[in-house]
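One structure below.
Chain IDs A, B, C, D and E follow the sequence of writing; residue 1 opens each chain.
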Amino acid sequence: MLSIRNLYGGYGKITILNGATADIHGAAITTMIGPNGAGKSTVFKAIFGLLDIHSGEIIFDGENIVGLSPAELIARGISYVPQGRNVIPQLSVYHNLELGGITADDQDKVKSRIDSVMDMFPALREHANRKAIELSGGQQKQLEVARALLLDPKLLLIDEPSIGLSPNLVKEVFKTLQMLRDNGVTVLMVEQNAKSALAVSDYGLVLELGQVRMHDTGETLLNDPRVGHLFLGGHFDEESNSNPT
Amino acid sequence: MTHPLLSVRSVSKRFGNIQAVNDVSFDVQQGEILGLIGPNGSGKSTLFNCLLGQYQPDSGSVALKGSNITGKSPSELNLLGIGRTFQQLSVFPEMTVIDNVILAGQEHSGSMISRLFGSPDAGLTKAAEKLIGFFKISHLRDEPAGSLSYGQQKLLDAAMAFMAEPSLVLLDEPAGGVNLTMLGNLKERLQAFNSEFGTTFVVIEHNMEFVMSLCSRIIVLAEGSVIAEGTPEEIRSNQTVIDAYLGA
Amino acid sequence: ELSGGGAPAGTQYRDGIMLAIEEINASGGILGEKIKVTQHDTQTDPQISKGLVTKAIDDGAYVIMGTVYSSSTIVNMFEAMNAGVPQIVGAEAPNITQKGNPYVFRTAYGAHRGVPSLTGYFRDNLKAKKVAVTWVNNEFGKGGHDVFVAEMKKAGINVIADIPSEAGAADFAADVSRLKSAGADAVFVYLHEEESARFLKEAKKQGLKTPLVGEVTLTGQKVIDLAGDAANGAVAHVGLTAQANVKSIQDFGKKFSAKYGHQTDHNGIKGYIGMWAVKYVTEMNGAFDQKKFADKMHGLCLDVNKHPNMLLTTCWDKDGELARESFMVEVQNGKQVVTTTVAAAK
Amino acid sequence: MEQLIQVVLSGLATGSIYALAAIGFTLIWQAAQTVNFAQGEFVMLPAFFVLIGINFLGMPLWLAMLFGLALSVLILGVAFKRILVDPLLSHGGLSLIIATMAVAILMKELVKEFYSAEAQPYPALVPQGAWDLSGVIISLQDISHLIICFVVIVGLTLFLDKTKVGRCMQAAAQNAAVAEILGVNVKRMILYTFVVNAVLATLASFLITPVYLAKFSSGEYLGLIAFIAAIVGGFNQVRGALAGGLLIGVLDNITATYITAEYRQAIPLLLLIAVILFKPEGILGKPEGRAV
Amino acid sequence: MKFTKRNLWLLIGLALLILAPIGQGRYIVYTLTSWLVFSIAAMGLNLTLGYAGQISLAQSAFMAVGAYITALLTLNGIHWIVAMPIAVLSSFVLGLLIGFPALRVKGHFLAFVTLAFTTLVFLVLRNEDWLTGGPYGLSGMPRPDFGLFNTGKNINFYYFTVFIFVIFSLLMYQIVRSPWGRAFKGLRENEIRAESLGVNTRRITLLAFAIGSAAGGLAGSLMTPLVQFIEPGSFALLHSLRILLMVIVGGAGFFFGPVVGAGVVIMLPEVLRFTEGYYLMIYAVTVVVLIIFCPKGLVGLGEIISRKILKKKEVRKDFEQGAKL
């Protein structure tokens, strides 16, 4: 479905990706984990045409997509939810959502989808006519995630959706991703909330210093002591005995 | 008579037709780690901003060690020993990491005049280096802060809140985006500050694992009002909280 | 002043000079030497003009032609004075020749000479008791305005409305409206050409009936072109005009349009006669001597019969101020018509 | 009394032109977070395109105006955006501000050097003539300026708020990175903005030049005053430009008539300072929302 | 090592400043002096703009204030050395006052306020002729005489200006690298965060503005004896824009950027003079090209080039340590 081959790239003179290689399975959820600054978000930017790539290939549906613009990638069925806060500040919540489906041919379908994502995130319906900038941090994140669900992407890149969301909504989002996967969408997700993320994922990927270190099923990674020690919180994990989320 | 470190009385804040914070009162005792949780949009950040001078509360008052601090500016409050972080990343993107941290401490060192004619770093480099060491970002010392990854900026942001050796620190989602291993480290750090220097904390977090293991007491906000208050165990089993926030 | 606000006047002045130089060089130059010119653009900025005059002096200029803008001239003339380089200026502000500078010479009336010529017109022809004045609030306009107000006082005429406007102003609605309600017998209009045109248009639009009287800048060809029939009826005292029914001037006007494709105005004439004066005076002295040149100019009269390219008989007094006959003109059917000729001031 | 009505009327008419030029400032501010210091020149130039059409290409007025409009869209819209805005957009507003100042100089110099340094007469677009209502002269020209201006601004507001393209333009302006990720063709939206601005400037040019005369420097003052109008009205609102333009037009005339001619220019500036101090988002502007 | 190398460069620069006018005509000396004067004004603006991020279009107005106060005092027989501090102080205080709107508004809006201020100053200078000489301006101001050293001659005045310039630069340098300088930058990059860290943003904003303004006053104070004639037009808005251009072209936020920028802005018309009528056009095009190709200014460009020559690829420190797994 998506394969990344020997990718080198970075920001200006600084190289961040050092030969990252991975094959992402279709119609499955793959979660990428790794320490802060490993280059996870950078991989996403690379796939979505936002990074200066020095060498390597990204093959999507049999085509090398290195060098394509975001617009072209959207046309090929890739959607991207970046890390951090990304709304159009002065437009209303509803119009923000509408923009999420701006490239769709079938606008009626977008309308009905807006309706259904609002069911999923009731706060968005409640605040539909307010400016996006006025929402609370978590509400803005909801808006972003909701916005990514308006199209029928083949590949969804989603960078740490759980930041700022209340626990019940995190569960909701993970459930939705599973539902998308069941409908044949390939999901590539970055999560620091790694334990719950890996639990809902089919595969896991460990990225470190711009290289893919491990790539296995989610369960295997969760139980791998090296991964546990280095990335899942070492003794923090041992200390806490509960796990509500 | 001893006063609580911070006492919040009937604070309310409204935006248009949204009652963001509704008659909230609570005390923060010296030396405790208080958790503040609640659904998205329940008014947690707004409450912080009311306590810290970013917003003027519509009504109510805030006192620090018994003296009224309502209406003081954020910088005055910082100089009184209150540190904070923001929910959104908030660093000085073009300055180096070390400069970010020095800036966080320099206003507490010397006078206006000595800061103009004294040494360029106000004698803070050592302390700043130690602090970024605590937060495991020493290797990024001379990078511009804006080029750090999300989680790294979050750590830097937290480090800055501690530079001035505050007695009270308000953290708005410090764990978001931070790697689990780092998070363990962060928690240890906070606990160390708490036990060594008696630093008091108020922490907003959606990461329950983190909050429950860190905090001694938790306040739950929903639609601007306090709906529950208690120890982590009490909160975890409180049905109202489960319905409003934690989910089944 | 080839760019900036003074560009139109400066360009004309330059063109006049260049035309004269071409003719002079064609006829063998001055004392057999061809004239070399270097042009500098002051950008209508006095500071820069000062630097440039210094530069011209450093480069060993014999005379400096310009500047046309009063604000520039007042700054840079001291440089030329200190270096003892004669300067032939187009500027009209009174104070230029009132500072005891022995090296500065005008090519046109200072306002303190021109404006008084109008007093009689107001007093005798218009029998005005109350007048209004509208003027451009810069060095040029203020010079004229101050002289006018003083003259009116002497003549016992009341100035009942005094309306300054900015250089480059475009909207004269308020000014005209004030004039309308002021009820003056006549209005003295002392604006630059373009502002005059805009003023006249607005006056027509609002139906202002009061006689409008001004200096050359009110009735110049440019103004007539721009204002169209709104210019009809405006009256002015004109020191130099290409429309004067003097053959030499009309011939010059033809030469000028043939060469540059646009018509000359008084600034073109100023540049032209200024340059020719340099030739005549230098040849009288028989040498390129700057001191002698300046001395000679004072109290000199160049008779047009002997010095045809002066176009009109022209005299300079001991301050470098100039005297020459002048005209009263009125715009009729889009043409300047000379109504009277005013004798040269004593 | 008649004088007052007269002055207010004239002020409204001039103000409507300020408003047309002022919209350009708000549009460009929104699209590129920059201030176009060449906006006055954008209004000055189209008149010369028309004059070239008439005097050198022998076109009739209507054709020359179309020609002028086309050239303006090409040069002030497309070329300006491609050559200046595209490379500079990522460097932030300040570089662009300086670049537009340089462009302003360039335009003035080009006109001066290749057309003429002197003011040129210019044919009126709308019919001349006036009614005299017991001392108050109402000119047809003034009335048509007002009407045209209102129509344009209402139309533009509707376009930006109610159409999808309009909202995409807003999205591209407010957060280009996100708009791009959502598939909005950001470059195209910015181009639209500049084209719209070029059209508006051309319209303002056609309306105002008969009054102001075609001259290379005539944009300087207009640019400044339109700029003030934009801020006073509210930089993030198209209709703010209208309010600001009309207010300044009227106030300027009233000051010059009744208060002081020497300090006439100061009045819009004082108004500007007052607005910035007491309602920085402008009379009709809205606050930009939360910052923390 | 780096430190001494920089000092070496500074010494070379100073030597060049001292040698530059030798054997030159008066015009060159005049231009060099006015370059230094404008450098001072531009360095002041650089503090306000480049370090503290506040766009000011009032620098020429502060020059006017400095110039007129100096002129009025020296014309009344007060020595320049007394008049100058008064002029600088007045500009500073005025800067504080004008800075107040800056507390409410940032960035571009501040630009508008200052723009308004510049025009207001111009109007006052022009209209209040009882004090300022109105459109005619003031002339005949003496150049300072220091007993042993009389600055009446152009070359002497030049060295006098060099002296002031060097002192001023040292002061400026101390400011930008002190905690104040850091606070200025903090203000530019994230005001809300700075405020929450105890930076009194009101005070710092006002100071950034007022120090920059005082530098403008100093430049004006030198302008008066240099030109010995001042009139309102020399301080109109256009000149503020020119000073802004100097800062941008040289490189905003680089210490010596404005000096380079002032040089370019003043010299370029000189260099292009041979093109006669076209030079302003070429000038404008040059500025645009400069900005497009080196948006960080000439000093920024120099830095990029030298980095290219010195280093090929950078390895980030955290990526040096190698993988852990």
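By our rule, a contact is a pair of C-beta atoms (placed from the backbone, for glycine too) under 8 Å apart; a residue touches a chain by one contact, two chains touch by 3 or more.
The shown structure was predicted, so the numbers you read here are calculated from the model rather than taken from an experiment.
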Indicate the lowest number of steps between subunit C and subunit E, counting one step per move to a touching chain. 1
Of the chain pairs C-D and A-B, which one is connected by the greater count of C-beta contacts? A-B
Among the chains, which one keeps its Cα centre farthest from the Cα centre of subunit D? B
Let me spell it out: compute each chain's centre from its C-alpha atoms, then which one is farthest from subunit A's centre? C
Which integer distance in Å separates the CA centroid of subunit B from that of subunit C? 74
Approximate Å spacing (C-alpha centroids) for the pair subunit B, subunit E: 41
How many angstrom between the C-alpha centroids of subunit E and subunit D? 32
Based only on mean CA positions, could you tell me how far subunit A sits from subunit D in angstrom? 44
Residue numbers in subunit D touching 2 or more other chains? 109, 262, 265, 292
Could you say which residues in subunit E touch two or more other chains, in rising order? 127, 192, 277, 280, 316, 318
So which bits of subunit C are touching at least two other chains? 3, 137
Per the touch rule, the subunit A residues reaching subunit D in their complex are 48, 70-71, 74-75, 80, 82, 86-91, 95, 98-100, 102-103, 131, 133-134, 147
So in the complex, which bits of subunit E are touching subunit B? 174-175, 177-183, 185-186, 189-190, 192-201, 316-318, 321
Can you check the complex and tell me which residues of subunit C touch subunit D? 3, 5, 7-8, 11, 137, 163-166, 168-171, 173-175, 177-178, 180-181, 193-194, 197-198, 201, 205-207, 222, 225-226, 228, 262
Given the complex, residues on subunit A that touch subunit B span 11, 14, 34-38, 41, 83-85, 123, 134-139, 141-142, 160, 162-172, 192-195, 230-237, 239-240, 242-245
Under the stated contact criterion, what part of subunit D meets subunit B in this complex? 292
